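Here come two complexes built around subunit A, the first alongside subunit B, the second alongside subunit C.
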Partner chain A sequence: MTRGEIQSRILEIFKEEFEIENPGLDDDLRDKHEFDSIDALDLLSRIEDLLGSSLTQDEKKQAMNIRTIHHIIDYVELMAAKRS
Partner chain B sequence: MERRVVITGAAAITPIGHRKDEILDSLVNGKSGVAPLREDDLLSGYIHSKVFGTVGYPIAYDFDRKYRKTMGPVSFYACQVAKEAIEAAGLERGFLSSGRVGVAFGSTHGSPTVQRDIYKNFFSRSQSRFSSIGAVDYLKSMVHTTAVNITKMFGITGRVIASSTACATSSQAIGFGYETIKFGMQDAMVCGGADEYDTTTVAVFDNLLACSTDFNATPHLTPRPFDLRRDGLVVGEGGGAVILEEYDMAKRRGAHILGEVIGFGCNNNGGDLILPSPKGVAEVIRLGLENAAISPDQVDFVSAHATATKMGDIIEAKAIHSIYGDVPYVTGLKGYMGHTMASCGVIEAVITLYMMEKGIVAPTLNLEEIDERCAMIRHATKLHEFPIKIASVENFAFGGVNTSIIIKKFE
Partner chain C sequence: MRACFSHMKPVADVIITLMIWTYYFLSYLLLFWVWYAGAFLFSSNRETAFQRINHCYYRAFFSFVRAIVPGLAFNIDKDVLSIRSSVIVCNHLSYLDPILLISLFERHKTIVKNVFFKVPIFGWILRTAGYLPAIASEGLVSLMMERMNGLRGYLASDGNLFVFPEGTRSRDGSLGRFNEGAFKIAKRCDAPIQVLSIKNTDRLFPPDSFLFNTCIDNTIEVKLIGTIGPDYQGKDVSISEVKEKARSLLNNSLTS
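The block that comes next holds the complex of A and B.
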């Protein structure tokens, strides 16, 4: 999965799952879009679907400080690389 | 400090309609909301009773995702009726978030639909998703889900009372809300209850041989409160809410007052968890009257719990007679919609308010031949034009919990 493909899938998930359309890639998701910890956990579940494998508890905890779409893309890229 | 408590908003989603005009139309024209039980590929095939009090019409919800994400079906009903009741009462956002407004709201067991999905995933050997139990499944399904989803949607910061006493859930919510305002703890309360479509509850009553089974092919003919051919209850779904408010405040802000709660009685049978107790039921009626400081002859309408079980209706009729004689009209509103479980108390209270306002007493639907063992009270068997002044709304629950709410027409 290229970085561009990851970005497009994440934006698609934000639109379909969280009803947030075209967020700025560096927007603070919590401040600007009311994206909270519940949403973050749901997003992790979608990321597992995307990766085709489970995330460990430590990997999930690692994601809890993520604030922007850019950070999410970085995170997915890292998790995908670990699994390849 | 004892303060007067009035009702300034009411709303209901019921098997016989959503909003006052639809509900009154069903009452006046004898329309039933009981329909065939839906197939759920789980339990419905094994259940003998094939009928359900069904909300069979679409509801146009307009909740943002930030609210929807923690709501199971039961909270959709709860938040919708709360929204309509709050709007009807005209309560402003600043007041709702002042700490002087609370919520007393419940359901039988949260959202069984969500719980079922959790367990389906939990026990599935072929789950397709990795994190099959969602982060918010607990928030959607927990027993106080209705109450706290209402607080979230309306920014309510006062007390939360999440009663969960099966069929007495929402009558307790109204009663506890009434006491909370009466004794000065809050100035207004959003009170009520809701339950969603659920075959688990039908299965529970079916196993206890308490469900109606003789009218599977003609759902509109059951349940039949106090009727000779009654053969059990019909489980239903729905939601209802009332806004209770301290009288002086309601008057000051020019609120439209629908009625006044003047008394509440609540007790337990102290024994059997299923069978109603003649002593317990008569006592709760007496407690309600004592709390309202009125005599039995002042009550001119009784909304009976009347689930249409063989024994329950006889016990209730005798208890009503022991206190009221044959003076007040008695209607079993479940004849129209079945037993909406946690929401039955509030729905029956809301319908009583509607009838008070319109000056009618609706008959007990499907009461064609009164069982002589229930005949000692004044059954409403046809539509009456009648000005209800003081009504008693009675509800009884598994676990031996009984309630009586006394509502007075506001003049």
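The block that comes next holds the complex of A and C.
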């Protein structure tokens, strides 16, 4: 999966799941879009679907401090690389 | 309130406040800590046991308050008492609101500011009773994940989660902006949302005051304003619309 593909999938998830359309890639999601811990947990489930495998508890904890779409893409890339 | 003459009210406020806080702490130190310790050591389900003890503790507390505060009455809608398996959203006027709701629901959870989880003993009670931290921040990430994962099952088995979506107490009685957390949880767990209104707790224990306001005619009311049970899986369901609907129901009730 390329970075561009990850980005477009993540933006699609944000639109469908969190009612957030076209967020800036460096927007602070918490401050600007009310993206909270509950959303983060739901996003992790969707990332698991994207990766086709479960995330460990430590990997999930690592994700809870993510603040921007760029960080999410970095995170998905890292998790995908770990699994390949 | 003619039972208390106006010149005696300041003295009554101080004396009754001292009695209430004395009862609050002494009943814990002399009685309830034994229950908590017993439940922790011997209960097969600590979470439910701690919720039940909290419920009894605050029920006893409000019975005591009602008995000693002249002019105070409670009017609790009977529909409120029968709520089960729901996410309850409510306006927030006073520090008394969360403990009043605990006194009404034996099986309950709520969302608590992170800082309280760090308070000795109190934090331990909050954790053991299964309450949720407000934010999955450093130190509480695992707890938040564990709580969220268990919430659907908890709600399905007659438990209630109550939340004050304004996030803070109203200083003038008006309804503030709602956060979306409670509504997201309801959607995540496929649970109905019950909208409650609380009135007059701020008259009994005003924000920014240490003293209870006694010797006035005051009826604390808790009413069920409405139920929202949308088809959360439907494509057209918007969390922000559900949130605004709940806010509108509550606002209409408070201003009518």
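Note that in this section the second predicted complex is superposed on the first by the 84 of 84 C-alpha atoms of A that agree within 3 Å, B and C clash if a C-alpha of one lies under 4 Å from a C-alpha of the other, contacts with A are read in each partner's own complex, and residues count from 1 in each chain.
Note that in this section a residue touches a chain if its C-beta (ideal position, glycine included) is under 8 Å from a C-beta of that chain, and two chains touch if they have at least 3 such contacts.
If you're wondering where the values come from, they're calculated on a predicted model, not measured in any experiment.
In the superposed pair of complexes, A:K61 makes contact with subunit C only, with no contact to subunit B. Of the two partner chains placed by superposition, A:L78 touches none, neither subunit B nor subunit C. Contacts of A:D39 after superposition: both subunit B and subunit C are touched.
In the superposed model, A:D49 makes contact with subunit B only, not with subunit C. Once chain A of one complex is fitted onto chain A of the other, the partner contacts of A:M1 are absent, as it touches neither subunit B nor subunit C. Across the superposed pair, subunit B and subunit C both touch subunit A at residues 19, 34, 38-39, 41-42. Interface residues of subunit B facing subunit A in the complex, by the touch rule stated above, are 64-66, 69-70, 129-131, 134-136, 139. The part of subunit A that touches subunit B in the complex is made up of residues 18-19, 34, 38-39, 41-42, 44-45, 48-49, 53-55.
Taken together, the subunit A residues at the contact with subunit C in this complex read 19, 34, 36-42, 57, 60-61, 64. Contacts from subunit C toward subunit A in the complex involve residues 135-137, 141-142, 144-145, 148, 179-181, 184-185, 188, 238-240.
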